[in-house]
């Protein structure tokens, strides 16, 4: 286990192992996303209140959930980099941030689109919405800081520090839901109660969530590989692999 | 002048943060308010014009701080002053580049916030129009402050104190214009005044800025 | 004074006095510098060399007396701060320097200038990622690119290695022999023909 | 550490603007609002807590920008890192000095603005108390951002983006506390939470700041 | 390696390699420096002198190899930036330098140090109102005040006049003869006894 960890921690074995993993991951992603999409759009029943617009849920909820997970993953990569100084953790952090930011943006966009028919407004200053917005800012902060100097280890550590410090915010933002509603009763919308869904709606959602996770990991590993090539293009093994 | 614009834009793009930051900052200030004030639609839409304007103002102020600073510190400003190219033209170029990455971006983003603050369509259009006319003025006036405070090493806060009073007429006009638009009144008069202020400051502010630069350098 | 007399020299200084922070730096300084001649300002640290050079360049105004240039003067000034932007590459820095000097230059000229200061490999490196001396060299590359007849150089050799100094000294000789004029300060002993000395106390 | 505080205060007093500016800035932001929002007492008192907090937050952010910058640029920070004196202690000292000329001053001024915005006495007291507890936290968290962005030459705006999300819990708690106080509710819970956050950040933020400084220097 | 062996030298470097921006600055550098000896790092602009000195001082970490000091090491480091605050007077700067170095010094010691670098009259002048060389001298005055056994000086003579250089060179000789250690870089030809050279390419 420990040796595997170490092996994955250095660029070359990672590159080789992921080389075999990637096609499988890609196939699974395609399968899950297409099955989920067809199921969700074609077969899942419309909501008796919201009608067809409920189908946005199949993009909105997975993207929102995976966006949060990707922050978590990114921060863990940051911690690993700070503690063990494994270079690949820095790359992992750097590559996770844009994906996470895009997913967050997708969640925001789909939420807004969904909000218009259901609430009559694109945006309300509800706790969950706002905390998603904050999550987006956290990602942006990480991206901006990391892009300050490409490939520099110092900037990498700075970014990792920020990502880890920002982690503190995740639970706090979650708790703010409570503070928020005790303060401002005026908000008439609540996302905190789960709509009781029938299984026919719930199951395709699970497939989509799984598909989004797979998608995240696929893109993530793919861009980590690209970044490895970019940083190590002069080294022996890269030349070797790409000449063969 | 075109060369100056090109160079300054290049420098801004070299640190993408120069472009992203004012935007993100604008977004952040605005999004702080619902936290501070509460999410009630009625209050938010009531203060929306004010908040958007104050945010635009502060954003301009804080990006303007760096406008001449780096050129001053590394000695490039001396080179510019001594060069054959007219300093006034360089100032126009720098102001324009600064506005492109600051004021213009803010203007383009404003409709989004109008929506988030439940402003109606007329109000949103008026906000964008008002910002389009006012942000160049803000950049122009701000550049005077930036030039005057160059050698003093006192940063953005001193500039604010110098320049904010100059901004007040624009702020008041702009907010009045948006408020008229929201309730459906005519606002041609406001547009006229904002445009007039813009024309006047385009003519005169760079002269003052040029003077300010020369003063700061002969220190 | 006749127009003809003015033609003989490029720079004429009369009764120049300056004090900073209540200390007199120099008083009633008078001198003139002809074409093809270098004037070296010598003096201990704090003697007022930088102040004098900035006065001559028109960058510092709090003085008494007269400074006259015999032609419309855009001096090439390099001071303690090199005037090199950290966020631009060496090439971009030089191209911009030419622009504000009102010159149109070709890429080959820029590359030639960089080559002269041994920065061939660094044309596209941001100056912020260079060593101190390399940044100084980018500043000095202007000497090989711009065509100003008047050079004002304030300790141009700080942080420059001896090969670099040699190179610049040769350029200076060429500049002087083509009727240019140079006012400079340096704590190093630079071997130049045609030097006048002015010692500040 | 005492030496550090003494030195930093000395430096601040050498440019009185360092002390005056944050105050003036705070005052300016707050006074812009009546212009932007209109002078109606009911709206003003409704948004008062939010405005004062947002102003305090922005003021802290913008003075924190310079916290390590000058030491970094003239090479003093290297000297500090290499010196025998513990860097962590120096960080504590600098944060404290920074708070004295920023956060503390803001806290002391807040009652004035409470009055200007028609807040009642309970609210005014709660505002001051909340700021007293929260401004040190803001300075502490801000110092992390300031340290991390040192070498990057990107100024205050990047710091804002990094740090503002971290400020939100404090902002939300603080505003909630003031609002409770205004309507006469009990706010011991809020005080407790603010104090707890302060204690935690006093313990941990300087560690992150120290790390940030070392990282920025080893560039 | 025994403790005794370590005692002989203060600094031992083994297989030090460093690259920046994909250029190898040095590879597998190994050397050691004994007490009472100065090591001079030579090399052209951009050779990596500053980088090496910062590595030795512990300010730069992106390298491979071993750097070992034989005792708990708080070097006195002076780099391209002097580490002098513009808003503090010369005296205040030195007093603060002593504080962070964990030393308690008397006013007379500070004034003595300032006197050594010929800044007697400037003790209470803000360093921002000094000339470039005077600021450098304030930085160098630390050599006369602090008691670190290890000095790391990166081109300490930039902008300093020859009288100032002379003065510092004498101080260095004294430091070495009292078993101190010095690693420095300079483009000038400094006459020192007991110098090892290390040339970077």
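Labels A, B, C, D and E are assigned to the chains in the order they are written; within every chain, residues are numbered from 1.
Everything below uses one rule, namely that contacts are C-beta pairs under 8 Å (C-beta built on N, C-alpha and C of every residue); 3 or more make two chains touch, one makes a residue touch a chain.
Fair warning: this is a prediction, and the values are worked out from it, not measured in the lab.
S.K.: What's the overlap between the neighbours of subunit C and those of subunit D?
M.R.: B, E
S.K.: Across the interfaces A-D and A-E, which one involves more C-beta pairs in contact?
M.R.: A-D
S.K.: Relative to subunit D, which chain's C-alpha centre is the most remote?
M.R.: Relative to subunit D, the chain with the farthest C-alpha centre is C.
S.K.: Taking CA centroids for every chain, report which one is farthest away from subunit A.
M.R.: If we average the C-alpha coordinates per chain, C ends up farthest from subunit A.
S.K.: Would you kindly tell me how far, in whole Å, the mean C-alpha position of subunit E lies from that of subunit D?
M.R.: Between these chains, centre-to-centre, one finds 37 Å.
S.K.: Give, as an integer number of Å, the spacing between the C-alpha centres of subunit E and subunit B.
M.R.: Subunit B and subunit E have C-alpha centres separated by 46 Å.
S.K.: Report, in whole Å, the distance between the mean C-alpha point of subunit B and the mean C-alpha point of subunit D.
M.R.: Inter-chain centre distance comes to 25 Å.
S.K.: Which subunit A residues sit where two or more other chains touch them?
M.R.: Expected reply: 137, 140, 144, 148, 154, 180, 183.
S.K.: Quick one: which residues in subunit D touch 2 or more of the other chains?
M.R.: In subunit D, the residues touching two or more other chains are 15, 70, 152-154, 158, 161, 164, 168, 172, 175, 218.
S.K.: Multi-chain contacts only, two chains or more: what residues does subunit E have there?
M.R.: Expected reply: 61-62, 80, 86.
S.K.: If we count contacts the way the header does, which residues on subunit D are in touch with subunit A in the complex?
M.R.: 144, 148-149, 151-152, 154, 158, 161-162, 164-166, 168-169, 172-173, 175-176, 179, 208, 211-212, 215-216, 218-219
S.K.: Which of the residues in subunit E come into contact with subunit A in the complex?
M.R.: Where subunit E meets subunit A, its residues are 22, 61-62.
S.K.: Show which residues of subunit D lie in contact with subunit E when the two form their complex.
M.R.: 3, 7, 10-11, 14-15, 70-71, 73-76, 78-85, 90, 217-218
S.K.: Which of the residues in subunit B end up touching subunit A in this complex?
M.R.: 15-17, 20-21, 24, 27-28, 31, 34-35, 38-41, 44, 115-116, 118
S.K.: Given the complex with subunit D, which residues does subunit B contribute to the contact?
M.R.: Touch residues, subunit B against subunit D: 15, 17-18, 21-22, 24-25, 28-29, 32-33, 35-38, 43, 46-47, 49-51, 53-54, 57-58, 62-63, 65-66, 70, 152-158, 160-161, 164, 168, 171-172, 175.
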